[in-house]
Amino acid sequence: MQVNGEFRPLIVAFCCNWCSYAGADLAGTNRLNYPADVKIIRVPCSCRVNPMFVLRAFQRGADGVILCGCHPGDCHYTSGNYFTRRRMTLLFSMLDFMGIERERTRVEWVSAAEGAKFAKTMNEFCEAVAKLGENKRLEDLRCKK
Amino acid sequence: MMFRLPVNRLDDLFAAVSAVNSLYLPVDGNDGRASYKKWVEGTKLSSKLNTVRSAKDFFFPQTTNLCDFNVKDKEIEVIDIRADSEDFVVFGVRACDARSFTILDKVFLADPIDSYYATKREHGTIVTLACTRPEENCFCNVFGIDMTSPEGDAACWLTDEYLYINANTGKGTAFIDSIKALLEECSDEDVKAQQTTVKEIAGKLPFAGVSTDYFKKNTLLDIFNSEKWEKLSESCLACGTCTFVCPTCQCYDIKDFNTGHGIKRYRTWDSCMYADFTKMAAANSRNTQMQRFRQRFMHKLVYFPDNNNGEFGCVGCGRCLSRCPISMNIIKVIKAFEEE
Amino acid sequence: MHRIGVFVCHCGTNIAATVDVKAVAEAVREETGVVFSADYQYMCSEAGQTLVQDTIREQRLTGVVVCSCSPRMHEATFRKAAAKAGLNSYMVEIANIREQCSWIHKDMVSGTEKAIILARAAIAKVMLNTPLTPGKTPVTKRALVIGGGIAGIQTALDIAEAGFDVDIVEKQPTIGGKMTQIDKTFPTLDCASCILTPKMVDCAQNEKIHIYSYSEVESVTGFVGNFTAKIKRKARFVDEKKCTGCGECVEKCPMKKVPNEFNLGLDNRKAIYIPFAQAVPKVATIDANYCLMKKNGKCGLCSKVCGAGAINYDQQDEIIEEKYGAIVAATGYNPIKIDKFDEFAYSQSPDVITSLELERLMNAAGPSNGTLVRPSYLSKQDDHEAHPKTIVFVQCVGSRSTECRKGSKEYCSKICCMYTAKHAMLIREKYPDTDVYVFYIDVRTPGKLFDEFYRRAVEQYGVHYIKGMVGKVSPRADGKLDVQGSDLISNEQLHVTADLVVLATAIEPDKTARSIGTMLTASMDTNDFFTEAHPKLRPVESPTAGVFLSGVCQGPKDIPETVTQASACAAKVVGLLVKDELTGNPCVAHSDELMCNGCSACEKVCPYGAITYSDKEFRQPDRTVAIRRVASVNPAVCQGCGACTVACPSGAMDLNGFSNSQIMAEVDAVCR
Amino acid sequence: MQEVKDRAKQLLADGTVNRVVGWKAGEFSYDITPAVFTSAEEIDKDFIYNDFCAPNLSKYLIKESRKEGKLLVFLKPCDTYSFNQLLKEHRILRENVYVIGVPCTGKVDIDTVRAMGFQGITGMESDGENVTVHTLYGDKTVLKADTLGDKCKTCKSKKHVVYDELIGEDGEVNTDGARFELVEKLEKMTADERFEFWRGELSKCIRCNACRNVCPACSCENCVFDNPASGIQQRAAVNSFEENMFHLIRSFHVAGRCTDCGECTRVCPQNIPLHLINRKYIKDINEFYGDFQAGEDTETRAPLNAYTFDDCEPGIVYSRGGNE
Amino acid sequence: MDRKEEILLISGVNVRKCMRCGKCSGTCPNYDEMEYHPHQFVYMVESGNIEPLLKSESLYKCLSCFACVERCPRDVEPAKIIEAVRLSAIRQKGANHIKAENVPELIDEDTPQQLLMSVFRKYSK
């Protein structure tokens, strides 16, 4: 998306309810800035994120997709993020294999106490995606305005 | 009137056509298979007999955007998205594919006319190319098609030295006129000679003697209720390969796609082999794969001829024979019935 | 037709300072399905909630979106408010425009723009919400405790104390567990039986507690609040109700050469036996493997002498079925087998013993009546060589080791450092002429008064602690033991001639734990310890709802820690049993049977064992009937993580409240 | 192979089975059709097992094994992996199937032969070493090794992992890793090159569903791409995104379940090397979580339904080469 | 490659697994003959303090009885480390021991070629 002649990436962040969403709340409570480009979608657990959600986001115009969950070992549901870890490692590896820029996807473990990490992660991710520019390789032209 | 052009000047011909209109012709891909590509400087005409996908794509593409609309509560705004069509030329269409347009025309140009198809037909010039080395899968002659004198707006013959061209329609004449500077008028002797040789090969093709009489002599219901369908269809995978490579299959589905800021209505090819083909609110009219399999062949061999003066809905291009994952095809179906 | 109401909160200036709330309210009014939007100072206030409720009624709203602070703050508030106005509480969605918008952005333009997008996402989601009703299941007010050691006893006592019925199933003839075999406890050095046996008696006398001794759990079905367990009462050939525990039968039994498991085989017992004097229930048990009557039908002495007529050689195993609301695993531990550790010569010399054997050798009720003797001299305790003059303790035998081939454990067994200090101290106190060496890798003494205790062993009692490991123990012809080990501090190899070597053997979960875990669908780690629902926050619950963990079955721990956990576990059980019915979380997974392939992928990833399979008949499109294996989710057990929804390739599994279509609608909305 | 035919007739005759799932001869030597045979006459007439019988029969058993009576199926070594995988997912009723393992030395692929320049192929014969190709324009003999399809060129195993009886000698699992060579080559390319490669390949897709419908791992009762409720239903690959979407999601759904039988590539009418996508998953799984061969047994958990505490982090993707 | 890496590569041992229990040295039958003991080999290689080991006679005192390998609770395999240090020392001296041009004169009828090959491999760089 171009805003005042400057490219602003659209970032979709899936956050697990118990750790990362709370971490994002904490970032807010501590007034830690990160770009408004980030739109958070709450899921019960990172393991709820279906690869098709990730692709859907790209289809609809997202320039980057990030998944945040509890640190391995801290999952509210004991094992959810372990499955996430495998699923997303393989999916992102495949996207990379298909030539989709690997910096457009990321998984980060953020606990409910890590507001600062959440903000830092989002700042870094936005910057990395902004550098890449618009998502052209997984776009659906029909969805462009 | 026959014209010719030395083979080494083919590129000049293509360049001249391209200068005016888009030109599409069969090109070899890196996997050795041919497909239609737009001609650009350096593009070479394929040496293969035919393309994997048929020339149908130019007039009835796999997906066509029909219109856009916006919905706001109960208001609907419809937007016609059709841009002005440009003229184009398809070169190198074989006799079988050329005949497919006769069949497609009967469907799409009958009342009510399909304006999307009609527009494409209007703007497209089909330049055909006679076959010289038919494949074992070819059986166009079963349906009375002469591979050595293809239909189309203009027909071509390629020999070692020359490309011969002759107009069949007014559009074809106009096409030849547009490139006349490159052509010289000539006799049709060489063409005749080639036709004789190729016809001889065609007569020896494995399926040259296949007869379709069974489907003319027996009633629709007898064929429909035959026990043979069960066995013939038992290993069908229900994929749409035969349908999608077929030059005469013309079924489509209409879908809406919500882009988030409007609806796009488009149509896409559909296949009667699919379980959800013509699925209706209540259920599906054909519940088993046997019924769906039967539908495809009944349509080509019975329903279509019944409605079109006995003309079969197949042109014998052989694509389904070479592409079916389980090697079940119309020839095996015809033969199974002919056995009786 | 949707009728959505959107309420935008100012939160004083918390939101309104960075987000143009009026513009948000206006913008969302344009959205399809939205029939009402308003902004308000404090949505969570009484007045704000009233606004929501009035609007629901006046506008006949089908869904509510509140743009405010995090749903973690006030989702419950607005759900309750909506419910009061007659709207299903799950038709409410929150757009987080405070923590995740106004508080992190400074610029009014981008803040407002983002708030509108977040509101749209919530609207898109709420349009796909469906009214949900939490399922309710009744709770059987009875608990089952598997294992009657100190963990099980404490848990049972606490549950009974709260007024609930509780059954203890113990596979041995008596409850009490490992603690009954221990002589003294650290760091106070009080006698284990003195503190344990009163608790055992309490169990027996408590009318809320029923003890199934010499019994095992055969099967468990059901789910939280509604378990059914089958308990096998193994035939002990003595009528528990009649037996008075007088011991006359034991006295008369001619079969004397049965290895006494209570004393770890250091002495013998009879074929009919009471494990120890304070056993609960104090009932005799016939060991059918040795009883002459059972083996060849000749003898019957016990039956003759039994005044109560309690002996019944024809007794059969009995299966009892009982319903429970909660189940506690308290299956305990055992020392590992160390016969593969050749270097310590455990199998070669009787004078190389495990620490638990030492407990028995030092116990007044043990095979030597409390006098410390070398096991090789048990039958000639008066010999002047009987008393060990030099004792070597070896730490970490089988613990902290990756030698799986020997049966080693990678974990630290946690209790050995302390009990070794205890043993060393007790020996030095009672037999000051004895030299005691302790070879250690590390001494680990976290715990109240623990390090002080260990230092006392060194400083007051003069126990020689050597940093290093024993490499080899070789029995000598004269019965003494050559101990070769390294002293890493002085960088020497030491050779000690010892009379007794005590191995601090690693402990492992009881062998029955694995099968019980499977029965309970409770997950276990690779070491067969039960896994907690959360390692920090839910340490006494299994991830399987209604299953609780007490004692060492969850991980190595000492007695004080075990008792602490046992009581915590009881508190959790009571918290469950006190409810008349369980209100489920309606945001659970459900399977569309028409789409399910029965492939079991979902079952494999479910941490709660909430998914089961059954063969069902389905009418096919061609009107024939086919039987397919399909999954179904028990909503009372499912916790709603959604792992199954992604594992399912056909998309048959979906999650209420976070369905595929809802999440995708949100994605679409934020990307619009 | 007469032995195969005889055994089929024998088992039919003694009532062990009431039908045989096998291969049926076609018009030419190469157009083999999977078929169900119910009598010795049918077997004598049409049954065939030779170097052209490439189709993997295991997927037919999902339906067939649920019918009345026991059936006999012939499985090549690589087909037995698919069979096992389907057993593991409870898709085949094992008690209704009698499995005979048949040996395989690689199957001749008609498209490979055509790509060698042959036109008008009216027949082929193989003696195991050489293949004689009869065409309208003359005959020629070529090495059989040169005529193999992609699935056979890098055969993963000549060992039958499940069978009730075996005809011929059992072979060995191939562990040379040759099947990953092309994947490796792609991995070494730059992201731009990989993107171009896949765009070029996937843009050929006509969404005929042949890959999906032939795939033994794609055994869903109702595929998400056919299901309007899934949100990703597709009738056709409308544009480049949907082409990617279909193949990405399909391969993810079969990741850890794909036995690498290679049928997808064999049947693709557009010659898209689809197996490379699946092999990439297999290669990644092997590298990240330890060697795993789907269908090797019926017990081991699929890698995506399992985890270890110290699995690699998704970041491993970013630390690898090939991102220039 | 520095010396430590070389030793780790040759031995294939992960010295970080050592938990300093000393059981290797507790079990060593030739302990008293050695200046540096098995646990010290492991520790010193880990800390990169390898020069003293290379100079020490201990290298050649190890009996390669593998008792330490058998007994080590963490599967560290100290004997392999000692062997690797020994190999490293030999390789260091290696170039001087045998050169390609010296090989022909060593060949006689009784010496198996294989021996020469392994000598060549072991004692030259």
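Which chain is which? They are A, B, C, D and E, in the order written, and residues in each are numbered from 1.
In this text, contacts are C-beta pairs under 8 Å (C-beta built on N, C-alpha and C of every residue); 3 or more make two chains touch, one makes a residue touch a chain.
What you see is a predicted model, and the numbers here were worked out from it, not measured in a lab.
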Enter the minimum step count from subunit A to subunit E; a value of 1 means the two chains touch. 2
Contacts shared by subunit B with subunit D include exactly A, C
Count of contact steps on the shortest path from subunit B to subunit C: 1
Far-end chain from subunit A, centres as C-alpha averages: E
Which chain pair is joined by more contacting C-beta pairs, A-B or A-C? A-C
The chain whose C-alpha centroid lies farthest from that of subunit B is chain E
Chain centres from averaged Cα atoms put subunit C and subunit E apart, in whole Å, by 48
Return the distance between the CA-based centres of subunit C and subunit D, expressed in whole Å. 46
Cα centre of subunit A to Cα centre of subunit D, whole Å, reads 36
By the touch definition above, subunit D meets two or more other chains at residues 224, 231, 238, 304-306
Residues of subunit B touching 2+ other chains? 257, 260-261, 275
Check each residue of subunit A and list the ones that touch at least two other chains. 51-52, 56, 60, 73, 79, 83, 87, 142-143
According to the definition of touch, which chains form touching pairs? A-B, A-C, A-D, B-C, B-D, C-D, C-E
Within the complex, which stretch of subunit D touches subunit C? 66, 89-91, 219-224, 227, 229-231, 253-254, 301-302, 304-306
In the complex, go through subunit E and note every residue touching subunit C. 17, 19-28, 31-32, 37, 39-40, 67, 71-75
Going by the contact rule at the top, pick out the subunit A residues touching subunit C in the complex. 10, 12, 17, 21-22, 24-29, 31-34, 36, 39-45, 47-53, 56-57, 60-62, 73-74, 76-80, 83, 87, 119, 143
Parts of subunit C lying in touch with subunit A, wherever the complex brings them together: 70-72, 96, 98-101, 103-107, 110-111, 113-114, 117-118, 121, 523, 531, 533-536, 543, 587, 605, 607, 639-643, 645-647, 655, 658, 660, 663-664, 666-668, 670-672
Within the complex, subunit A is touched by subunit D residues 183, 186-187, 191-199, 224, 231-232, 238-239, 241-242, 244-245, 248-249, 251-252, 255, 277, 280-281, 284-285, 288-289, 303-309, 311-318, 320, 322-323
